[in-house]
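Lettered A, B, C and D in written order, each chain numbered from 1.
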Amino acid sequence: MTVITHAFSVRVYYEDTDHGGIVYYANYLKFMERARTEFLRDAGIELDELESVSGIVFAVTEAHVHYLNPARFNDVLIVDSTLIEVRGARMTFQQQIRREAENIVESEIRLACMDREGRPRRIPAELRRKIQPELTPAAAVREPA
Amino acid sequence: MTVITHAFSVRVYYEDTDHGGIVYYANYLKFMERARTEFLRDAGIELDELESVSGIVFAVTEAHVHYLNPARFNDVLIVDSTLIEVRGARMTFQQQIRREAENIVESEIRLACMDREGRPRRIPAELRRKIQPELTPAAAVREPA
Amino acid sequence: MTVITHAFSVRVYYEDTDHGGIVYYANYLKFMERARTEFLRDAGIELDELESVSGIVFAVTEAHVHYLNPARFNDVLIVDSTLIEVRGARMTFQQQIRREAENIVESEIRLACMDREGRPRRIPAELRRKIQPELTPAAAVREPA
Amino acid sequence: MTVITHAFSVRVYYEDTDHGGIVYYANYLKFMERARTEFLRDAGIELDELESVSGIVFAVTEAHVHYLNPARFNDVLIVDSTLIEVRGARMTFQQQIRREAENIVESEIRLACMDREGRPRRIPAELRRKIQPELTPAAAVREPA
């Protein structure tokens, strides 16, 4: 089975670091959210249109993050994103942040499709059609390399 | 003339610092915005009610900031806020951030009263009545100590 | 068994929200980190002294976060922190963010004790003595209410 | 006289916006700092090397910011940076953030060259040689278009 991975590059600036000289732990979640936004954009989905046209937003419901190595000011990081589940109102990503081949952060992020009032909404058929080709079944991702 | 100063205390956490070991320059603007929010709250103005009830928001139109000394992790800072102008759609604050007697940052922040679409709106009479007693004329503030 | 919970209050300001009108998902991790810092301070541990005197820092190695309900601008939130494990170089917290009785976020955060170069270091005996009385065994926390 | 402008592109993500639906005012200072870092990189200056090799850092001493129009989620912004002064320990930038031709923010940012202890240090000759060709005298910038 093919694993479909979307790579997004992030430069670490002063704003991202803390006084320990490394990237502040919450800021990796910003990098991951930027990468998910670009993943969806590349699949033809613009989140602002989705909201204004279909009244739909995605909210993170779970984040599981493993911090393996620190990143530092001026590093160029790659966020690898793999969509492993699209079901009902739910979408799940595995995201890995690396500096070249060195793993920095590994995560699994679950999102829920909602209307503007926060009620769960089945992912609309058209949106599903756009992201289906980007989906890698979780089984494939978790197989040993 | 009396200078009316509102003091608001801020603790510096990891999130506020950068890899230089000091508070990141943009983050002082967060401290100043928290202090302005509390200044208005103490004058009986809740910004969320103002928006939902009167359809009014305040947006910063100018920020002039002088960085005098660095603040560090774990510091307790005081943000001193003085309202020096309320006129038409405009409100101006002088804000100073200090660690005990040592000045860290000095600023002048100008805000505009707007409707939700960003059109300038005269500050409503009721709101003006609430903040008028908190006003210190700029002349008074700028007098030598 | 007694569950020892440290309560820390956080006001939601503009800086914490995003264009969805709710607190941005990464920013809850800032609230949790502020609360852990105050938990340790109340146990007599100042993180800046720990670093300058003992050359020791704590880094988050795992964060598991469940987002249950959104928080909004001007909300007053309580971060409840319970220390459920202190072992070797490791320390684990359960942290819950609530608005009065309504749960907003639930999390488990694992930290590692390190020297300045990022090498794992056994939590020093003196530090262990200070936090031991604040420890609630995980078994106690997870028991049904 | 020629005005030398360095253009740097920034995408607005969720993290940058606030509950007013627009970019939070402090976050533009992050965009400006990213752009200054890239301006210097393109002139052959890496800030991390500058610090580790020469023990030199740049700290913002003054920021004057005019907020003209709001930017929103998903906008692509351009930060135009012009270096208008290099003198002694001081460096001054004019920076403008725009969405295509529409001005969003205009600013003047002054920085001081310092050693790690925060003492002012004359900008080293080698660094000066690298940025001199990127300098546009203030007089040129301020001339009417």
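Convention: a residue touches a chain if its C-beta (ideal position, glycine included) is under 8 Å from a C-beta of that chain, and two chains touch if they have at least 3 such contacts.
None of these values were measured; they are calculated from a predicted model.
Set side by side, the interfaces A-B and B-D show unequal numbers of C-beta pairs in contact, with more at B-D.
Taking the mean Cα position of each chain as its centre, A sits at the greatest distance from subunit B. Rounded to a whole number, the gap between the C-alpha centres of subunit A and subunit B is 36 angstrom. Averaging C-alpha coordinates per chain places the centre of subunit B 30 Å away from that of subunit C.
One simple way to say how far apart two chains are is to compare their mean CA positions; for subunit B and subunit D this gives 24 Å. For subunit C, residues touching at least two other chains, in rising order: 14-15, 20, 22, 26, 30, 33, 72-73. Chain contact summary for the complex, subunit A toward subunit B: residues 14-15, 17-22, 24, 26, 72-73.
Residues of subunit A that touch subunit C in their complex: 20, 22, 25-27, 29-30, 33, 57, 59-67, 70, 118.
If you check the complex, the residues on subunit C that touch subunit B are 11, 13-15, 30, 33-34, 37, 46-48, 72-74.
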